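Below, each structure is written out as structure tokens.
In the two assemblies presented below, chain A is common to both, partnered first by chain B and then by chain C.
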Partner chain A sequence: MAAMAAQTGPARVVVTGLGVLTPIGTTVAGFWDAAVRGVVGTGPLTRPDAADFPAALAGEVAGFDAPRAGGERSLALARAAAAAAAADAGIHRWTGDPYRAGVCLGTLLGSRAGLEPAVTGFHRAADAHGAPYPGPRAAPDLTDAVARELGFLGPGLAVATACASGNSALAHAADTIRAGRADVMIAGGVDELSSGIMMMFSSLRSLAPDFLRPFDRDRAGLIVSEGAAALVLESYEHARRRGAHVHAELAGWASASDAHHMTAPHPQGSGARRSMLRALKSAGISPDRVDHVSAHGTGTPSNDRVEAQALREVFGPRTPAVTSLKGALGHTQGAASAIEAVACVLALRDGVVPPTANLVELDPECDVDVVRGRAREMPVRVAVNNAFGFGGNTACTVFTRPSTAGSAR
Partner chain B sequence: MTVRVVVAESVVHGAGLVLPPEGTGPAESWFDHRARLGRGYKYLPPACQYLLAAARTALEDCGPEADPLAAAPELRGAVVGTNSAVAALHAAIDETVRREGASALSPMSVPYFAVNLVAGRLSTEHVLKGFNLTVTSPRVAGVEALHLAALELAAGRAAVTLAGAAEAPDPRAADAEPEAGAALFVLRPGGGPVPAGGRVLRTVLRFVPPPALAAAEGRRLARDSVRRALDALHSGGPAPDEVELLADPSPVGDAVADALRSWCADRAPVSTRRSGARAGALTPVVRLAARPLPAGAGRRLVVTASRAGNVALATAHTPEHTD
Partner chain C sequence: MSPTAAVTGIALASPLGGSLDATWEALLAGRTGFTPCTATDGLYPGDAKATAGALADDLPDVPAFGRKRLRALSRESLLVSRVGMLAWQDAGFGPGKAPDPEETAVVLGTAAGGLTGYLQVMRDGLTLGPELVSPYAGPQGSLNAAASDLSIAAGAQGSIVTVTAGRCSGAHALTVAADYVRTGQAQAVLVAAVDVLDPLRLAAGERAGTPRPFGADRAGAPPGEAAVVLVVEDAARARARGARVHAEIAGVSALRGGADGASAAAPAFAAALAEAGVAAGDLSLVCSSAAGDPLTDRAEAFAVHGAVGSGTPVHSPFGALGDCAGATALLQVALTARALADRCAPPTAGRGAADPDLPAVAISDGPRDLAGGPALVLTTDTYGQASAVVLRTP
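Right, the complex of A and B next:
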């Protein structure tokens, strides 16, 4: 494992396992290769069970054969991502103290999406016959299902902070470890395609007609995608004791609330700025040491403008290298920032920042150093991962290389 | 095997309950948003309306002299637990799309399709900029919200947090419990002064894997887990005077009931309330907020279990000496 400084004070949190399922790859290697090459994973919907979706474009996890009906697809995506992350961390069936191992997943809709056909069917039946329907299933099945599969009995939590859910889950899992309430947490996010989420964005005129173009002058909205990502987080001491390979340190995290508007970001990006600054403070890292920011970058006009403004306020006019993977992935909802966290870890490992796919002409109002055209090879020692959601939820995470973790704090 | 238990503690400075009158049917109208909240709240989902009304009551409950939101906005947080706050909205949206098309949807209502917006609106209403979190674990989400709020307060990320539960089940859902309303606390860090009329909340969360209960060893582990949680919850304090179990008819509910009754055998009688499988997250918080608490420094213990394996244990008590 990578050399790290001895621990003092609260538990340090390290990343020892990664798992992703995305529209551009269903393995960590495949995903990262596609991300670095700027492969775009969105396009016309092809799934045969998507006839009721009110959008023609989406990002699908191709080749992942899990049914939408019955809420099984989100469960299957979450399980698969967690299993991959656990395997990467050398955890197959947990043999340690089960009460010291937990799960925290973020999701926007949970298993609700998969029940749409049944719910709609029941509503139609109710129209005709006055019959009631069984109602949607709650989201936390996701967390329980993953925990049971791995034999974890420790803290379990499903968090819902809209599009910030993945980062919120990472933050809560990391908090749990740092406070000594667990040694190991599997954390991440998951969401599948659904008629409901597409309808919501369509009603708000937020869907792009062709491509999701983060920070582009001609950006016109987002494309809804599905996916899942999981990271194995451990206390550094625990990882060291079991000889685990450390990919990176999750050095800092924070969340905040805009408390401004239900769907629009604060015009000055106050929640975004506060989350970034708090997360950096939590990591003990000054803004001038950040090399890379994985932006929320949804391709909606107001979000990108406000995020760019917040980035300039935090980092000054010479910002770190910024990229938005949503140009390639589409918006994977509650999974987005978990997937982007995996990308941050890989950027640290390989010293490369993926390009922002579909960005042709940078909007002058988004005057930050956005990586475009092709990937940028550069030393990445500190990466910040941004996530901002409806309802004013903002959450940021800070990742560092394991070899610099000791001095980073 | 070591079962380590984390007890989270907070101090209640105010509580707000918004509940339907006794005997109200699940589809019956009982809440007048215009009277309780004023203008501008018509398009909010009912659970959000209940939550906002509960927040006003809770803030008023802090007393005329108190200024519960005096802390900087960045040091005010919100944590809300719910299982079905927007279930009825989902159904209504579906019906609108089916009958009139997506263009007929109100942009005022549609964003609440995402359940976190219920708590998001609470933050906007009271300028709670510190953090905002929604949790949804079956049945225990309300107590989970209190637990997380206490941990956030203990970590210094807020000076005051509004935490609780809100529910509004879809009246057309066949097995939805008639649970509707909101219960919200104004919480400050544990160990701090308890105001007159305030109380101390202590919470523990556990997970009992349902498949493990098929074997004797799994049942033993579950019993030990619940007993250790109860021991930790009452560490250094007296036994509870009132014990309430809220559980569904499931192996998890049965296992928790057995463990609780055995632990309480020589302490206090257990009052058990069985619910349907899809009861919401509200009742446990309501029971922690309900007045009066046992006299003196007596404690009310509320234990909640769901068939999915989630277990929440919480006590509420008023110290003999308050501010």
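Right, the complex of A and C next:
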């Protein structure tokens, strides 16, 4: 009976490839080395086409010169992250059934930034209502670009839950594998810098004047960044059959809605708390077995207070080792939780939790075990990745070491 | 046996009317919903003028909203929240008679949701200054705004996600909803799809004339707009509470396709039938998304003919509605549930002369009675992606 259940039960989902492009590194090794050292990737904007951005500070993916116009930058970021993840998984171009391999990318704005040069020129022209700047007729399709590049022609879509989009994409890709609709999925997130997102956070008075300081007493908001991350997810059986190296298991995932307000988190962190608990339940793991939480930790006064409160409700007063990579990365929008998922996998691999950059004095209202100053070496067997987007869209993922794959929990 | 996902609530607004009934009657009568539209609000370069399927502004109001909230909502959010409340009521839910809010999920499919809000933020930021952008406006410019507003309006605290995959967005949303119900991630799911006319779509549609689904002189589809919301539940649970089941979702496949210009229409068609355990010959109806696009209509004609030949009734509502973008697939699902319930296939408006280069499919200029049996909804888009949904009556 048990053996039958093992054969016919839902597919287990494992991570076999990683790819990232971030303000602190554009390879997995470079990114992780910088994250563990607490390198900060935000600062004054230097890109040649940055003149129209309404913020002076940002986190740029350095040495990546694809232009904003026409969506080229978002497409290039997505393709580069996906290609790196696929290569890491030993897949250079898919040669199996093309309809059994899919793509699921999380994004906040899609490739809308590609419309901005035309829109900006239009509004800044002396005669704004003629037709001197015909713009693109559509924002290009991120998923299509990745799917064609790799030959992954099965289920393909983008997923949006604002700043939780990366985790939501991982969750949907995992559901797709578990339901048997695909054997392998490229899942992750991508967003580039845009005037639109800066104006939005500026209108919410959410932009920090100097640094993003997660959980700090003096935190004053976030810094907008860009980036992309991709993870190759596949069923354990599929990975085993093709002899792939398994980095980690994506053991659980869940989402929940605050159903409260478009921009403010629920005051008691209702969605955040339920999202964590449901993700752990779906993994069959009790909260006391969690070693590490990669926090959403945006450095805004409300998020960090509410997240700390939710963490204490889920884990009790002795929380797992919490870190927020956003001090180092800035807020990479829809890519954030995908990049942080890559970090969770690497924390499991190396037994190290990176420090929360820019955190100087922990806010007494955020009384959780935040790793700060320097990285903490410790056994990491279970890591929870938090992501809470505006609109009250929350999504959490749970990663475990590959050694638990195939064993009873 | 794994649980079956069932549609227990349907509401929509289309260019043919503010409800399923009005849209259905107009389709049966062979009416079309096109009007001249102009993008005049100075949001985007150029002054696009196009014939388009625009929503009438006569949607029944729903008392679930305060005036203050209404002002803060984009058009997509307003439509989805209003239509969503009607679908909720259609499912027999209401105050004191609703599933656990924590087990109520929201899934939205949209191709370009929030685009107009985003262009408004850009206009205000560039012409008035970033400090004068409304804090309410920004979040309405993102893809997930309408889903979030629906979850707030309905008090739905369960899983939430917005999916985007061109015209197939609604099929992906339905897939997510069926997953939620089958795996116990939700008891009830509000599945929405929306896209509205925006300056980019109007500009892209400037050259399109009358839509000619499968027609010889088809030359592109005019843009259309629509909002659709379904309530999806576990079929057994729905019956246990005495709910009417409009249709069961027997199989869904949504595939990207697109390699070397090849459409995924035929493989999606076959995969959805296989999941449903239905033979192509048993289908009583195929609802096509053909809207007069040269390539996608061709892909659909070959996929449909290859599967069911030229005997099974086929219809497309998009000769009357235009290309409804991310609302397309869910609109087809809603109309097909109605077709199965009424055992009637609506006519396909606008075909004109048949294209001799396409294999024959059984579309008709008038309504037809249907034999009993499941129906398949086929949706394609210009990127090559395709989705298929098999529906059956309980």
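One rule holds in what follows: the second predicted complex is superposed on the first by the 378 of 409 C-alpha atoms of A that agree within 3 Å, B and C clash if a C-alpha of one lies under 4 Å from a C-alpha of the other, contacts with A are read in each partner's own complex, and residues count from 1 in each chain.
Just so we're on the same page, contacts are C-beta pairs under 8 Å (C-beta built on N, C-alpha and C of every residue); 3 or more make two chains touch, one makes a residue touch a chain.
Everything quoted here is computed from the prediction, not taken from an experiment.
When the two complexes are overlaid on chain A, chain B and chain C occupy overlapping space and clash. When the two complexes are overlaid on their common chain A, residue A:R100 makes contact with chain B while staying clear of chain C. After overlaying the two complexes on the shared chain, residue contacts for A:D175 are found with chain B and with chain C alike.
Counted by residues of chain A touched, the larger count belongs to C, out of chain B and chain C.
Of the two partner chains placed around the shared chain by superposition, neither chain B nor chain C is touched by A:V314. Once chain A of one complex is fitted onto chain A of the other, the partner contacts of A:L233 are absent, as it touches neither chain B nor chain C. Residues 54, 98-99, 108-110, 112, 119-120, 123-124, 132-136, 138-139, 141, 143-144, 147-148, 153-162, 168, 172, 175, 179, 181, 196, 199-200, 202-204, 255-263, 270-271, 274, 389-393 of chain A are contacted both by chain B in one complex and by chain C in the other. Across the complex, chain C meets chain A through its residues 42-47, 72, 101-102, 106, 112, 115, 118-119, 121-127, 130-131, 133-145, 147-149, 151-152, 154-166, 168-169, 172, 175-176, 179, 182-183, 185, 200-201, 203-204, 253-259, 264, 267, 271, 383, 385. Only residues 1-4, 6, 73-74, 77-78, 83-84, 87, 90-91, 93-95, 97-98, 102, 105, 107, 110-117, 119-121, 123-124, 126-138, 141, 144, 148, 151, 155, 169-170, 172-176, 205, 207-209, 211, 225, 278, 308-310 of chain B touch chain A when the two sit together in their complex.
Considering their complex, residues 54, 97-100, 108-110, 112, 119-120, 123-124, 126-127, 132-136, 138-141, 143-144, 147-148, 153-162, 168, 172, 175, 179, 181, 196-197, 199-200, 202-204, 255-263, 270-271, 274, 389-393 of chain A touch chain B.
Within the complex, the chain A residues that touch chain C are 10, 54, 98-99, 102-103, 107-110, 112, 115-116, 118-124, 128-129, 131-139, 141, 143-144, 147-148, 151-162, 165, 168, 171-172, 175, 178-179, 181, 195-196, 198-205, 254-263, 270-271, 274, 389-393, 395.
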